[in-house]
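What follows is subunit A paired twice: with subunit B in the first complex and subunit C in the second.
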Partner chain A sequence: MNSAPTTWRIARLVAAKDLRVEWHSRIATNQVLPFAAVTMVIFAFALDSDAVLQRVAPGLVWLATLFSVLVLVQRAFAVEAEDGALEATRVAGVDPRAIYLGKALALGLQLFVLEIVLLVAAVVLYAQSVPLEGALLLTATLISATCGLAAVGILYGGLTAGQSGRETLLPLLTLPAVAPVLIGATRATEAARGTAGAVVSDGWPWLGLLAVFAVAFGVGGALAFGPLIDE
Partner chain B sequence: MDTESRSPVVRLDDAVAVLGGFPALAGASIEIDHGEILLLRGPNGAGKTTLLRLCAGLVPLARGAGEVLGHDLSTERESIRQRVGLLGHHNGLYLDLTVGENVRFWGSTVGADDREIAGAIERMGVGDRLVDVTVRRLSAGQRRRTALACLVARRAELWLLDEPHAGLDATARDDIDAILRAAARAGATVVVASHELERAGALATRTVDVVAGQINPAAGEATP
Partner chain C sequence: MTSTDSALAATPASPDESSRHGTGTKATRVLGVATIVSMGWLLVFGLGFSPADRDQEEAVRILYVHVPTIWVAYLGFAVTALCSGIYLFGKKKSLQLDRIAGASAEIAVAFVAVTLAVGAMWGRITWGVYWQWDARLTTTALLFVTYIGYLAVRRLGGSHEQRAKRSAVIGLIAVLEVPLVHWSVRLWRSLHQEATVLNPDDGVQIDGLMLFSLFVGVIAFTLLYAWLLLHRSRGMWMEDVLDDRGLDDALAARRAEAGGRPSPEPAGETS
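The block that comes next holds the complex of A and B.
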């Protein structure tokens, strides 16, 4: 008989389970990705000006990401609620920190792929480019912002799971909480691609903000998740 | 024989559990021994489900004393949860995962190896052609057997089942009864809350009445 697995081992199990659920259901691939892409196209039609699009493209990419986060978080907890699985993990005494970290990891990986697709869409639709010297900043921004969004998304997803009106409650709680990520990631992305005279060095303080945000919500979320999903 | 295996699996002494300000259990006392299949019978709202959830460590003990599997119900609820399995109206399965993936996930949370997981799947009769089928495509009875396979893979020692026959056809009910008898023979303790007295009474080794939050022995109801 093997010994009880560690928190990290269970977190990896939870993440692998969530990604396997997505592999079978293809909801993110067949619904969330097209939703994000359509959002980008609609932005392009609505603004309809190359100069404006060039200026606001980083913000549009992150705005489309935010909308997609809400859909992905709803989905992440819908699969738990459908047959009482989240309740079952609580009954089974599965470490809630591991559930939080695992679900955040799976959400983060899906978000990262989504962001890459959105950046490619921005290059195609908005004629965006990233100079070589901004590539490191852009990569670090993607990683930090993704961690922050996943940490907040799973925390508030857990908070609203099982509540009546959760579909409207989740965006109401999440969007104000992730405003610093939207602002920081947009500014850092602008600096990475040199939008409106910004230079790469302008982006590093924003990256610091994103990193602090991700760590604060990651640690706080792991500690708070258990009491939130407990009765 | 160690102290834990000699002591009852469940021991409640004047236990009170409060839900929303209402005493759902009002001084319940009972002892349940290893290998028993205990039937809880009583009307809706009598406290059967609360009793199961108290034994699972989900509902706090407001007053009185209690132990489950040697753990104190007041102070060691997390330890209790890891050793019991509660199956209610939901099965606790991921509908988009296959039978095998579900059992593997739940077994892995306690460190079960491949042999244990395969054994759980075979014992509950969800191997062969079902193991790679997504749960969403299973019948109600097959889903219930998959949930029980998850309990076995999780090494649950105390099975707490709330209306386990609900929504199942006659064949599936017979399957569940056979599984529960086999589990008890293998050393698990089973507590069943049911309205289907004829079927559950035949399954049980002892029956108690839960009335107004209290537990009364049902004399003459025990079956060999």
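The block that comes next holds the complex of A and C.
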């Protein structure tokens, strides 16, 4: 009966712990955010055309997010692996589902802030604007895409944590898995801001995809996380 | 480790076992001959008897490899998922299931590589380009990368049981992943030639001899898959046995060494 509330309570504690560690280390703000920003700048170098940049800006925002997910996931588990904290938490009998949900929640919150910064960067650097009628779609897209990315990131991050070759294995596993998020979130963002004649109503099927993705990987990840990190 | 594994690893191999070099048995030899015969059959029908297509002309012959390899690859991935599921949820945790899952995924990945390679050739001739960002092509490419990831997870190290559990979970997650990828790229774009043989809307429209050649291809590649699966899963079993024996030998050698000369180091190390 009370296992669900306990799971949530532990998840919140884990999330708060992760966010506190991140806040004190300042790595997310001092390294990951600048990394994402410089990615946005070098996209402009590569594409070298204002018109092209304006057209592909939503995709670039999500691509920069995807790269940052890889960095943030490595961070989320580097914190745990340094002194065997993940094993200690498991030995202490903490429900792996709660660890998973908590870490995903913390990652999701960091990602959400990062996405806002990247959107602002796109407005400034790539001359983007979002019409008012697209704001709701954009917000919903941000939330559901973030949930999906966090769910996949923590799942594969937990698997590769502490393994040799994790830096290379994580992108190999994560990028194909989050391809639907990249496609869906980009198309929905284009619809929200009316890129290339898209209208807001074009975005709702994509939002559906993002929501299903987030739920599927959220549930699948919570179930799979325990067996994956068990020694 | 399963009971059969430990029995085989611990006891000296039976005369039959010791005289056997490699992974072949009578069954695989029969299967191997059948594979060669059916491949020859496919060559004769695919390159000889089967007519050229009205639109695709001679390029249609590529499809006698392209279509069977992807079908058998799907079969291979299904076997991987099935064995992963049985391993994870079944009562008896047999490592044999894990090895079949791994071997099947390896073969299926190789078959998808063949599908993609010959498909690119066919596309160059028929469409004028090697690659199209079409739903089925894109899904197949992502499927390919997903299972390369699965194979990488299998090589992460740790005990055999750890490997089995981890890869079983990833094998099942891949099943979750592929439909989502397919849904997203289908929403994105679709122009691949509609499936002709398994099209539920209308009856089979292709020439009888072409269909027969395709059928021969499916049989030939299925036999090849089965033959490779038997050999590869046995090869994996041997690798596991070798691993265990190597560890046992190292332990025994270390014990003999420690027993030979009394030394204070081990106690010092643990403190």
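Basically, the second predicted complex is superposed on the first by the 226 of 231 C-alpha atoms of A that agree within 3 Å, B and C clash if a C-alpha of one lies under 4 Å from a C-alpha of the other, contacts with A are read in each partner's own complex, and residues count from 1 in each chain.
Basically, a residue touches a chain if its C-beta (ideal position, glycine included) is under 8 Å from a C-beta of that chain, and two chains touch if they have at least 3 such contacts.
For clarity, every value in this text was computed on a predicted model and none was experimentally measured.
Participant: Return first, second, both or neither, reflecting whether A:A92 touches subunit B, subunit C, both chains, or no partner chain.
Facilitator: After superposing on A, A:A92 lies in contact with subunit B but is clear of subunit C.
Participant: Just checking: does A:G84 make contact with subunit B only, subunit C only, both, or neither of them? Give me first, second, both or neither.
Facilitator: Only subunit B is touched by A:G84; subunit C is not.
Participant: Classify the contacts of A:V21 with the two partner chains as first (subunit B alone), second (subunit C alone), both, or neither.
Facilitator: Only subunit B; A:V21 stays clear of subunit C.
Participant: In the superposed arrangement, does A:D48 touch subunit B (first), subunit C (second), both or neither?
Facilitator: A:D48: touches no partner chain.
Participant: After lining up the shared chain so the two structures overlap, which partner does A:Q163 touch, if you call subunit B first and subunit C second: first, second, both or neither?
Facilitator: second
Participant: Can you list the residues of subunit A that touch subunit B in one structure and subunit C in the other?
Facilitator: 231
Participant: Could you please specify the touching residues of subunit C with respect to subunit A in the complex?
Facilitator: 88, 142, 145-146, 148-149, 152-153, 156-158, 162, 165-166, 169-170, 172-173, 176-177, 180-181, 183-185, 187-188
Participant: Looking at the complex, which residues from subunit A come into contact with subunit C?
Facilitator: Interface residues on the subunit A side: 155, 159-160, 163-165, 169, 172-173, 175-177, 179-180, 183-184, 187, 205-206, 209, 212-213, 216-217, 220, 224, 227-228, 230-231.
Participant: How about subunit A: which of its residues touch subunit B in the complex?
Facilitator: Within the complex, subunit A touches subunit B at residues 1-5, 10, 13, 17, 20-21, 24-25, 79, 82-85, 87-94, 231.
Participant: Residues of subunit B touching subunit A in their complex?
Facilitator: Within the complex, subunit B contacts subunit A at residues 56-58, 78-82, 84-86, 88-98, 101, 105-106, 108-113, 116, 134-135, 143, 154.
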